[in-house]
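Notes to accompany the following structure.
Order of writing sets the chain letters: A, B, C, D and E. Residues in each chain are counted from 1.
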Amino acid sequence: MEKETASGESENTSASAHHGHAEESFRSEVRQAIGLNPAKCYQCGKCSAGCPMASEMTLMPHEMIRLVQLDRRDRLMQDESMWLCLTCETCTARCPNGFDPARMLDGLREMSLRAHGENAPRRIQAFHSSFLDQIRSHGRVFEFGLVFAYKMRSGALFDDVLNAPGMYFRGKLKLTPHTIDGVDDVRRIFDACMAEEER
Amino acid sequence: MAAKTSTDKASFKPRIAAFVCNWCTYTGADLAGTSRLQMAPNVRIIRLPCTGRIDPLFIIKAFERGADGVIVSGCHPADCHYTSGNYHARRRFAVARDVFGFMGIDPKRITFSWVSASEGGKWAEVVNDTTARVQELGPFSAYREMEARV
Amino acid sequence: MSRIGVFVCHCGENIGRTVDCAAVAQACGELPGVVHSIDYKYMCSDPGQALVKQAVAEHKLDGVVVAACSPHMHEKTFRKTVANAGINRFLCEMANVREHCSWIHEDREEATQKAIDLTRFIVEKIKHNVPLEPIKIPVTRRALVIGGGIAGIQAALDIADGGCEVVLVEKEPSIGGHMSQLSETFPTLDCSQCILTPRMVEVYQHPRIKLMAYAEVDKVEGYIGNFTVTVRQKARGVNASLCNGCGECQKVCPNKKIASEFDAGLGKRPAIYVPFPQAVPNIPVIDRANCALYKGRARNAKKDACKKCEEVCGRKAIDFDQQDTFLTEKVGAIVVATGYQLYNIKKEQDKEAISGYGEYGYGTIPDVIDGLQFERLASASGPTGGKILRPSDGKEPKTVVFLQCIGSRDPAKGIDYCSKICCMYIAKHTMLYHHKVHGGQAIVFFMDIRAGGKGYDEFTRRAIEENDALYVRGRVSKMYRDGDVIKVLGFDTLSGEPMHIDADMVVLATAMRPQPGIESLAQKLSVSYDRFGFINEAHPKLRPVETNTAGVYVAGACQAPRDIPDAVAMASATASKILGLFSASELEREPLVAQVDQGTCAGCFHCVRVCPYGAVEHFEVKDRKGNLIKTVAQVNKGVCQGCGTCQANCPSKSVELQGFTDQQIFAAINAF
Amino acid sequence: MQALQELARKLLTDKTANVVIGWGQGPRGPRPIFVTQPEHADRLIFDTRCVHNLATYLNPRRAHLVPFVKKAVVVKPCDARAVAGLIRETQVKREDVVLIGMRCGGVVRDSDMDGKLTEATVSPRCMDCPDREPKLADHLMGEEASAPPKGKGPDMIAKLDAMSPAERWEFWQKELERCVRCHACREVCPMCFCDRCIADKSMPQWIESSPHPRGNLSWQMTRVMHMAGRCVGCGECTRACPVDIPLGLILRKMTQTVEERFGYRVSDDPTVPAPMGAYRLDDKQEFIL
Amino acid sequence: MKIGYFPGCSLDFSAKEFDTSLQAVATSAGMELEEIKDWACCGATSGHATNHLLSIALPARTLALAEEQELERVVAPCAACYSRLATARHEMAEDKKLFSKVTGILKRDFTNSVQVMNIAELLRDNLPAIKEKVTHPLKDLKVACYYGCLLVRPPKVTGFDDTEDPSSMEEVCRAAGATPVKWNKRLDCCGGGFSLSRTGSVIRLGKEILEDAQAAGAQAVVVACPMCHSNLDLRQKAIAEQTAKPLEMPILFITQLVGLAMGISEQILGLNRHFVSAQPIIAKATVKALPAAREEA
């Protein structure tokens, strides 16, 4: 069984070539970028046991950390599971060994974006981009604009249409954006952070 | 005091005396050896049973005898082989450090550290850091210049 | 001292590769006082040692400096060599040019210079060495054992059988410890009480064992071979010499609703009680916190509320006015065998660093029990007569979930270590459960199965293969009560499947922790303990049952989590150490102790304040007529361990630590 | 003053004390006197010029006073702190001394000055002194005293602290090169009671005995270390120094360190344990790697 | 003492009723809230899911603004905003390098000295003042206090209450006269930021939570987060499609519940803005017509 998986996956050869070169391995890259030691995870699975999204993930939280430990970058980065994290922090709160799985997944998503990874589900990525665009252009999130932009990006044009009139009626959607005075300040922060992360 | 040129500084080889306890730091230094951790060759260890035995006079005498820096090191709190020698030493050195500093001995020339028997790596760091720091400060020529003053 | 020999060792290539040993020997040969200086390939080899011996004789050496490895490695060797050559072994010292020089430097010139310096320091130091003779101390051939669990029982029996007297102090009313609570024992599944009770009786009847149950160590003074221990005998409220253990008092006691400690809270006992029928000694105690008479007296009630036990006692053994008494015992060695308690998952903890399990309800969910409670359920002498019935409603649980590593291997809760015995006893529990509850399913959540030990792995495999225990690899994230069941949210990391189980009962394998109060006992004994409170052994490998205070030994779970075979082995080891110690009427100690110059001592007694061992005493100097001249410090050589803290604190330098005198250190620094 | 004399007379008459150590008029202001006869009790005086710390005469090193056994001493608050120190270090038995405490609002710098207390004349030792009367006393006399005038001049400790180590070194070298190693600082100190001072020890000789800057520096550093947590702040060493080395400065610095780190202020209660020779598990150790 | 107020984007509009009810309750109980001028979005999940530095820098700007207004404490009613602000504060306090990087980006004098509070913490800390103003105790009203994730997790960032066994919301509800029920899902996640992008997950999680609350006998669920609110309220219709019968579980902001007990009008509290009607609660709470004076609150 083990043998089957080993021969079945092409990246294994390249990945195992990394073993023994801790300086340039994926796990050391992750450690460098995120500031967490992946070896700290002793694979008890408590994170996966408590994860509200585990039933929808193809890779469980502890498995994602395991793949980091094994330097299986490709296998991990091709999978969408990391994008299903709700950042509810249950894993981190309960981790017996003081690891921070939630932060690790945050960092992995960031690494995936930087590498222009394709693993993010379109809708989730669309949502994040739309959300950040809102902040960038107004300093705050303008919800109607967010929903509109998100729908354009995600292609989920007809979801939730039924709720829109209800929201509008209850005064829950505003049609015009408010832009803060310090929006330039915010944009500068955006640019600086993007530039810093690129380095 | 004579201004030192950069070549002076580079050719200057600090001489550093280390007063260490037998049980933790001396053994930690042994471990650094068995682990072949390379470190600066400037430190000379003098072994005492415990930091509790280390008298501030030792530090004064080492400087008098031409040391450019001094390391004092022993067991971490709660790990003292003799249960409390290091706690007494800690108070003693806290006062000595202030008094010596007040009289003009740069506290940067004296390193106090806790290095356990398992911390060979930490010992190497203490040695290298202290050597680098003293190298930066230059020779402790003040004592030698005292002769000229009289 | 003026005739010093220097012996520079190459240690094969180890030193010679980076240090020019010949140059070191030559440089040292030029030092004043050095009459002989050579280098050799392997100084510690037989020919090397012969060279030293030969040189001592030939050159009439009165000091030998060996520049080689760490003194921790070969100081003993070379001191023995010079002793064989006829000079005092304290006239030999080592310069560490291997660990502290050749192994950590590459530059040959620098390393050689450093080796010369290090050797020169020692040459200068040794000029002030003096011959020292070992210290002889008389020995009281009698031992104190603290704790009457299986470790304490074993140690006491072994020492007593070896011909020496033993005082066994147990804080509970009976000896037996946690082992007496167990149902069966792994990996043989023999009945715990069946193997323990005979040993308890043996202790009771042994002519050389003085058993003090319901007693605690109050004070310890003295030193190896010569301890004086004060023991507090707690008041039982029952005159032990009159009581015949008939048990009538327990029957008439009106308050029978007190949670039984022996049954881990699952059973009840009266206010006057023996913990269990096989108790040794079989003498009841009155639980004053729960007895109506004492409660009334505490409220200053005019009349005693109840004296039923006194009325029924035919031997007139009940003594309500009995007070704690203090007894002094002289012993030569002490065994600490205070055992363990179990971690609990409650919100309130006795240590700040330790926290409970909120995700498992902080101990508020009914039918979540710990390992000792399961032992009582499974025990024929237990509250259910050996039937596995859950505490809340007495139903037989059809699904029991066992969780391993609760509070152990869990740094987030404050305990990092592996509790060691849980893997085994949980496997045993699943077997007992399988035998007793037909159709029941045991599910074990584990991280690793640690079954190192004779017959241990076979045992856990048997639980899995033949007793149908389902082992699930993973920790449980959350547990809560839902109606009649306990929802257990776990995950099997082997299959990647969530494991959401409706359990009828949950057993937590909670971590072993040292007994409460261990720190204060350790302080009385001057032994050190780790941050969890476990007693530190003198060396983790080579001196596992000694402590850093000479004459104090450690056995069983107060040193680290231990199972019964470990605890017994340690106990026998302490006994063997102690019998060895007691084999001579005097013992010898390294003479590296402090010595006071009474002529210059001003009697400020700073030394008394700093001495970690209480080794410095007041001494009255008198003239011939007996008039007091002055009071000065004096070091008790038996107690002094040679740390030298007194010397550093002595303003007039009137106390000297032998082997590290001011003269010696001064000379070494002066050579800088 | 009358009350003091009467008390002394009484103590000597009923043999409560065999000697009263106090101040009497000398050729250049008050000086220590030892009254052994009741009829001489009227020689005792007390005013702001009584600067000496008489506790030094309880010190067993003063062999000529040892035979008196029961001694009465007139003490200011700083003197009382020294007596407490001597009791704490078992040099004096409490029951052997009768302490006549004097309320004190400060003294002048030296006994040969006129006794007027001003900003210019007040002794530096009195500036930080919080005590207006000794608590360790069997008898208390004198008028309620107000706080001494604040002295003038820069805060030398702060000034030195602000310097670089090299500048501090220069400062002390300039001061210490005057030292003639007369050891007056030691002789006058009530807390220096060793039979054989470390400075006089020759095997080994940690501290060079000739007046050389090297030994001078070692001597002062060692002296201050020995005074850690013990110095009562009476300033006698500074007053006694024939070449005016500001010895009190180092001691004040050390006292500050001891107070900041160990929360200890030297006390005239002999039952308060001294800070050196004691420790707390959580003593600050920020300077230790 | 003045408390800084960071409403966050949701309270700015879609959860306006959280804002109005909080303002009304605060005024009534004598808490002085001062809005941080020109605050920007905290970055929310999208920030920290994609750019760590940004997820610290955006909240840091807000905290810096609060410092400029000389505020010592800031309350962020939205649990997500609270989490972002508190996390930023915590990480910068722990990691000096990060702190200096952020101050470099902000180009403001910033010492990271502002305390961050959430709404449950604020109300709990002001319980005596609130109790004093309760005029219409919500007797017999059984409520399920829903903490969700970010109020109490992760413990090293939040720390105002027990992570696994919190009690502050229950204490506040009890002060309002209501009876908190014991239930099991009060710490489970509602699906948070996936409201738009992964609605299916939100519905699944919401269903589990609401069913558990109902089984425990709750008549309403009390929340302290606009995202939780929208996921449980707005999505309830979709959830109901998967249940045997409609849940009809009113979802109240904790400030609305306290407001009701204080006799503040339902218009001000914005109870009409919910998808699932809170009328049964209001009726049960026997809150009658309210005096006009309250309207000004």
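The working rule: contacts are C-beta pairs under 8 Å (C-beta built on N, C-alpha and C of every residue); 3 or more make two chains touch, one makes a residue touch a chain.
Just so it is clear, the structure is predicted and the values come from calculations on it, not from any experiment.
**Student:** Can you tell me the least number of steps between chain D and chain E, where a step is a move to a chain it touches?
**Tutor:** 2
**Student:** In contact with chain A and with chain B at once: which chains are those? Just list them.
**Tutor:** In this structure, the chains that contact chain B and also chain A are C.
**Student:** Of all the chains, which has the CA centre nearest the overall CA centre?
**Tutor:** So the chain nearest the centre of the shown protein is C.
**Student:** Can you identify which chains form the pair with the largest number of contacting C-beta pairs?
**Tutor:** A-E
**Student:** Which chain's C-alpha centroid is most distant from that of chain B?
**Tutor:** Max centre-to-centre separation from chain B belongs to E.
**Student:** Can you work out the whole-Å distance between the CA centroids of chain C and chain E?
**Tutor:** Spacing between the chain centres: roughly 52 Å.
**Student:** On a C-alpha centroid basis, what's the spacing between chain A and chain C, in Å?
**Tutor:** 50
**Student:** What is the distance, in whole Å, between the centres of chain A and chain E, each centre taken as the mean of its C-alpha atoms?
**Tutor:** It comes to 24 Å between the two C-alpha centres.
**Student:** Taking each chain's centre as the mean of its CA atoms, how far is chain B from chain C in angstrom?
**Tutor:** Here chain B and chain C have centroids separated by 35 Å.
**Student:** Would you mind listing the residues of chain C that make contact with two or more other chains?
**Tutor:** 359, 610, 649, 662, 666, in rising order.
**Student:** Residues of chain D that contact two or more other chains, please.
**Tutor:** In chain D, residues 206, 276-278 touch at least two other chains, as defined above.
**Student:** By the touch rule stated above, which residues of chain B touch at least two different other chains?
**Tutor:** 61, 78, 84, 88, 92, in rising order.
**Student:** Which of the chains touch, listed as pairs?
**Tutor:** Every pair of chains in contact is listed here: A-C, A-E, B-C, B-D, C-D, C-E.
**Student:** Where on chain C does chain A make contact in their complex?
**Tutor:** These residues of chain C touch chain A: 359, 405, 409-413, 447, 473-478, 489-493, 496, 498-499.
**Student:** What residues on chain E touch chain C, complex-wise?
**Tutor:** 162-165, 184
**Student:** For the complex, give me every residue of chain C touching chain D.
**Tutor:** 599-606, 609-610, 630-631, 649, 651-654, 662-663, 666-667
**Student:** How about chain B: which of its residues touch chain C in the complex?
**Tutor:** Going through chain B, the ones touching chain C are 15, 17, 26-27, 29-30, 32-34, 36-39, 41, 44-50, 52-55, 58, 61-62, 65-67, 78-85, 88-89, 92, 124.
**Student:** Hey, which residues of chain C end up touching chain B in the complex?
**Tutor:** It comes out as residues 70-72, 96, 98-101, 103-107, 110-111, 113-114, 117-118, 121, 526, 528, 531, 548, 592, 610, 612-613, 641-645, 647-649, 657, 659-660, 662, 665-666, 668-670, 672.
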